[in-house]
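In the two assemblies presented below, chain A is common to both, partnered first by chain B and then by chain C.
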Partner chain A sequence: MKGIFKNPLRRWFWLFLGPVTAAFAIGFVWPFLQGIYLSFCKFKLIRNAKFIGFGNYLSAFKDPTFLHAFWYTALFALTSLLFINILGFAAAYVLTQGIKGSNLFRTVFFMPNLIGGIVLGYIWSMIFDGILSRYGTSILLETKYGFWGLIILMCWQQIGYMMIIYIAGLQAVPEDMLEAAKIDGATKRQTLFRVTIPNVMPSITICTFLSLTNGFKLFDQNLALTGGQPFIIQADGSSIKTTEMLALNIYNTFYSSNSASKGVAQAKAVLFFILVAGLGLAQLAYTRKREVQQ
Partner chain B sequence: MNKNESLAAERRRKTIMSVVLGVICIIYVLPVFTVVLNSFKLNTFVKTDTFAVPRGEMWAGFANFIKGMTFGNYPFWNSVKYSVLITVLSTALILLFCSMAAWYIARVNSFFCKTIYYLCVFSMVVPFQMVMFTLSKTADSLHLNTPWTIPIVYLGFGAGLAIFMFVGFVKSIPLEIEEAASIDGCGPVRTYFSVVFPMLKPTLISVGILEIMWVWNDFLLPYLVLDINEYRTIPIHIQYLKGSYGTVDLGATMALILLSIIPVIIFYLICQKYIIKGVAAGAVKG
Partner chain C sequence: MKKIIALALTLIMVFALAAPVASAADGSVYWLNFKPELDEAAQQLAAMYTEKTGVPVKVVTAASGSYSQTLTSEMDKSAAPTLFIIGNQAGVKEWGEFAMDLTGTPIAEELSTDAYNLYDEDGRLVSIGYCYECYGIIVNPDLIEAAGHSMDELVNFEGLKAVAEDIHARAAELGFDAFSSSDMDGSSSWRFTGHMINLEYFYEERDAGGWTECPASLSGAYMDNYKNLYDLCINNSLTDPADLATGGHDAENEFKTGKAAFFVNGSWEYAAVSETVPNATMIPYYCGVEGEEMAGLNCGTENCWAINDMASDADKQATMDFMVWLVSDPEAAAIMVEQLGVLPYKHVPESANGFLAAAAAYSDKGCYVMDWATNYQPNVDDYRAALVSALNAYNADQSDANWAQVVTAAIDGWAVQYAAANG
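Moving on, here comes the complex of A and B:
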């Protein structure tokens, strides 16, 4: 039976798989392979790329702006991960307790997710400047304002998203387990930490994975809120953009006036890819281990 | 007696929580409210009196909106048109072709199918910066740099999540239904479009919502691929206005931001149920 059914389908390969395969080759596979190749090349235009080995990678590691962006991004991603997940979980926990108006609250908390990163950045830069201008300063003048400003922005945007995932997880916690805990005389706190949280570990895995990779990949919000300002001018005349994150640093290296930097930028992009993919997988493997088997 | 007391305490606690959440909700919508206030304010007052209600000399009326329409020597209406065009076309392409491909992958399961599937899963962890430069050059050389052709780029770069979600769903559909259709004389194409495709509806909605949210708000991909003197989507247009340093009319920018988020909020309020479901589904499978 299976054989009869499968054969006619295979003849329609070009119709079913063709379009996606072609677009996928153009939109992902080819650019990806070419990107890896170009990271070993010196080039201004792709057609006169010259193979130079690991030179670009060495330059990338020696670039102080790249290292600064790395540490800044790591700090940002971890901080935002903590805030977003704790607050998102708290919101989900409260909203699954059968409080009046839960649906309305859920609607409001999720709403900022639909606003794009660029627009979000400009909304918040206006708000922060509106507050800070009273004290004669601006979000563009101090690194710490830029950092915490971006944390607040990301919390505002992402808490609702994580909350939705946590709500789905909390609703899947078996009712009889909670009942059993209650009968055994567990307090609310004990039930939360001993029964509820172990049971929502899959949601915690997903949410921490999403917020960690989102934090590392952040671009639009970073560009629109501070664009890397304030800058520190170094002794040799180059400048470090103190609130510039990795994605923005790679973008700025690609499209800077220094035309010899494209190879270095592509090498940075490959390193960035390895970092994001590696972190994501390591984090998944770590939290997956802690999930309860049912 | 004791039980009644604890019930009353419970009720009181819940009322307090409702009030606290209500206050947080109001704080949550304040940023959007601030945009509304400032879109009616004269430019000079946006920076100094950001949180003031636009009254008296601050009041700009609808001048900001009128000015915003042709702000930066580019008609805002064109941005809206291009954003809608790109979002609708891209989402339609992704839904149609990725669901077809996913069915083929799930049912044929040859070596080539598995390769495509794992490449798709792999593409989900690749950040855009990795392919940004080469993708924009490839798109240029293949003339995919117009709003009518850029959906092909979206189909390629967005295939990962869509194929992953569709394959997951197709695998849960019993094969017997399709076998029955083929015994009744349906060819693969007819089986797909009259039997399988309608069954995919919940996943079509989830994927559609996720893709719409992504494409509509995407900035960097269209910014690098499109010719921005001619074609600007809404995020590109807003970035262009604010990013060009010098004298920026903040009042007019806020008017445009307000105009660009109103349709999003309306869309959200109408499709809220599906959006929240789609997000939960996408996350659980991702």
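Moving on, here comes the complex of A and C:
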């Protein structure tokens, strides 16, 4: 027993782990548990929440705007995942071929990632409208403009980030393998698909995970670029916000003035967590299987 | 072991330093302010009051358009606002239960009218107006004259239309246009989805003999009148209607710099506008309703104070004292009047606001006041968002089908949002 405490690391581990554990518990675990509890409650203020059971979940499933937001988000996440990763990988591949000015390009491509989402949304809405107004339309008038506008924005912002991860992966591909492929007479294309890509699978795993979850969780850019517009005004007077994604739908639900809506929004948020966590884990498991051991 | 004790003692000392110092006074005031343009003056008033009485006053101003979000999160904190805003019926529904009944309190005694007070279903006085505002169409009389017209022509929709269309047609020659831009982004769309649409609600309300609570549905009888004025405004303006969706035009500046003769807005603009257009005045929403020659301005308020009933008795008392001081101390009341215009209290100075003077002039002539029926808008954020979306489509293509969508959003949307807010 005394031996354990002789080791300074064992004796002091709590001092190093303590602050992080406490911060994680206060900042994440406790609010998360409270959030789950609140999804079963009717409340205006957290202090006077009343337990009501599964009613909020039923209302969430019955809400057509939530389902619309789900499918729209899924389509967006998938499309942005493909574009961001293919273009990010392509940029990384080109910039590891030893061309002049690679470092400058890497820095420049990475920089959009440093700008906040709300600012990006407003800037891009001006850029898009500057072009679209020549044709008498606006990004707020057509769902397809809103969709592709957001894809372009996200690609612009995220490609550089993914590119950095891919560059690290590409630089870790063993030289001897590439040389062996060359000696064996493999074409550039064969080398890329048979040697390089299998070796950067760990990077692909992390990048697809990040872009998939980013796509689902997107909020700032969505709020600032279109805010859900255009709406389809239905004959009965209700409306569907055609470019509203899940996170924005939850936000809008929470701040509507119906006293029951906060609990419903909370239930939606829990469903949202299960969805994103589930998808993320499934995707991790899928791509991990394709990683090769070096 | 000594080291551990030393460390523990150090930690205790650090935490002791960080712990809040207990307040000397019994109560304190936390005012969650609603009007961004009042922020500077409110901070000044708070400092003045603290200096005078020693009672700490904290003023936080929510960003434009985010009051309900800020209030929601602030009310859950242990140091919640003691003084907050319940400005309309939707607010009474949402926050009324947290508001103290102000009936018979010292601040209620100071009021000169109860016209702007809000009561809940049980007849509790949950909030009281602290200023009174008006909105309509701000006019630059010099530009009207420069275009060869007279203010006397602006007495009904036909007159307004003739003048506005003439100015717009000759804009290149005159060097100014009729209306300033009517942007549809969040910083400007409320002028049309919250204010101008009030003419539709007001005339419906008048036909119904007055509303005492939010009606479950509207008939839409006056949507054509809304269209009259809205069309005039977007089609005789500096900006092509198709370019309004994402905004970016500064309507106030367009008016201030003499580029436009008309500006749809309210009395809170007086301080800014009168800097360069000292004789700016305001005319009612003329829209083609019969007998509108006798219309006045849209008068009312969304600025109503409520005291948080969950606060401690000492804090409630401190808040009450602070409110009474704001509207009775000569120095404080003067600042309030300068910033806010007319205050409905007994011991406040006269206001120099030209637009509120115009409102009074209309009333003196026997014109009817258009009250703020817009304060009944159900589920207001969602309701207005849908209306903005429909108006965007209409601005880009002014077809009948697109107007029908605007009507659906405004009228059927009311019923839907009423059901959503009350379901």
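One rule holds for everything that comes next: the second predicted complex is superposed on the first by the 268 of 294 C-alpha atoms of A that agree within 3 Å, B and C clash if a C-alpha of one lies under 4 Å from a C-alpha of the other, contacts with A are read in each partner's own complex, and residues count from 1 in each chain.
In this section, a contact is a pair of C-beta atoms (placed from the backbone, for glycine too) under 8 Å apart; a residue touches a chain by one contact, two chains touch by 3 or more.
Everything numeric in this text was worked out from a predicted model, so none of it was measured.
Undergrad: One more residue to check, A:285. First (chain B), second (chain C), both or neither?
TA: The answer is neither, since A:285 touches no partner chain.
Undergrad: For A:133, is the partner it touches chain B (first), chain C (second), both, or none of the two (neither)?
TA: Both partners.
Undergrad: Could you say whether A:229 touches chain B, chain C, both of them, or neither, answering first, second, both or neither?
TA: Touch status of A:229: second partner only.
Undergrad: Check the residue A:46 against both partner chains and state whether it touches chain B (first), chain C (second), both, or neither.
TA: Touch partners of A:46: chain B and chain C.
Undergrad: Is A:239 contacted by the first partner chain B, the second partner chain C, both or neither?
TA: After superposing on A, A:239 lies in contact with chain C but is clear of chain B.
Undergrad: Given the touch rule stated above, what does A:82 touch, chain B (first), chain C (second), both, or neither?
TA: Neither partner.
Undergrad: Going by the contact rule set out at the top, does A:124 touch chain B (first), chain C (second), both, or neither?
TA: Touch status of A:124: first partner only.
Undergrad: Report the partner of chain A that touches more of its residues: chain B or chain C.
TA: Looking at chain B versus chain C, the one contacting more residues of chain A is B.
Undergrad: Once the shared chain is lined up, is A:256 touching chain B (first), chain C (second), both, or neither of them?
TA: second
Undergrad: Residue overlap on chain A between the chain B contact set and the chain C contact set?
TA: Comparing the two interfaces on chain A, one with chain B and one with chain C, the shared residues are 46, 126, 129, 133, 227.
Undergrad: Taking the complex as given, what residues does chain B use to touch chain A?
TA: 14-15, 17-18, 21-22, 24-25, 28-29, 31-32, 34-35, 38, 46-48, 50-51, 93, 97-98, 100-101, 103-105, 107-108, 110, 113, 116, 119-120, 123, 125-135, 137-139, 142, 144, 152-157, 159-160, 163, 175, 178-179, 182, 187-189, 192, 213, 216-220, 234-235, 238-239, 242-243, 250, 253-254, 257, 260-261, 264-265, 267-269, 272, 275-276, 279-280, 283-284, 286
Undergrad: Mind listing the chain A positions that touch chain B in their complex?
TA: 1-2, 4-6, 8-13, 15-17, 19-21, 23-32, 34-35, 38, 46, 94-95, 97-101, 104-119, 122-124, 126-127, 129-131, 133, 156, 161, 164-165, 167-168, 202, 206-207, 210, 213, 216-217, 219-220, 223-224, 227, 246-247, 250-251, 254, 262, 265-266, 269-270, 272-273, 276-277, 280-281
Undergrad: Quick one: which bits of chain A touch chain C in the complex? Just the residue numbers, please.
TA: 44-47, 125-126, 129, 133, 136-141, 227-231, 233-239, 241, 252, 255-260
Undergrad: Where on chain C is chain A touching in the complex?
TA: Going through chain C, the ones touching chain A are 68-69, 72, 75-76, 90, 93-94, 98, 242-243, 245-246, 248, 378-382, 385-386, 388-390, 392-393, 396, 405, 408-409, 411-416, 420-423.
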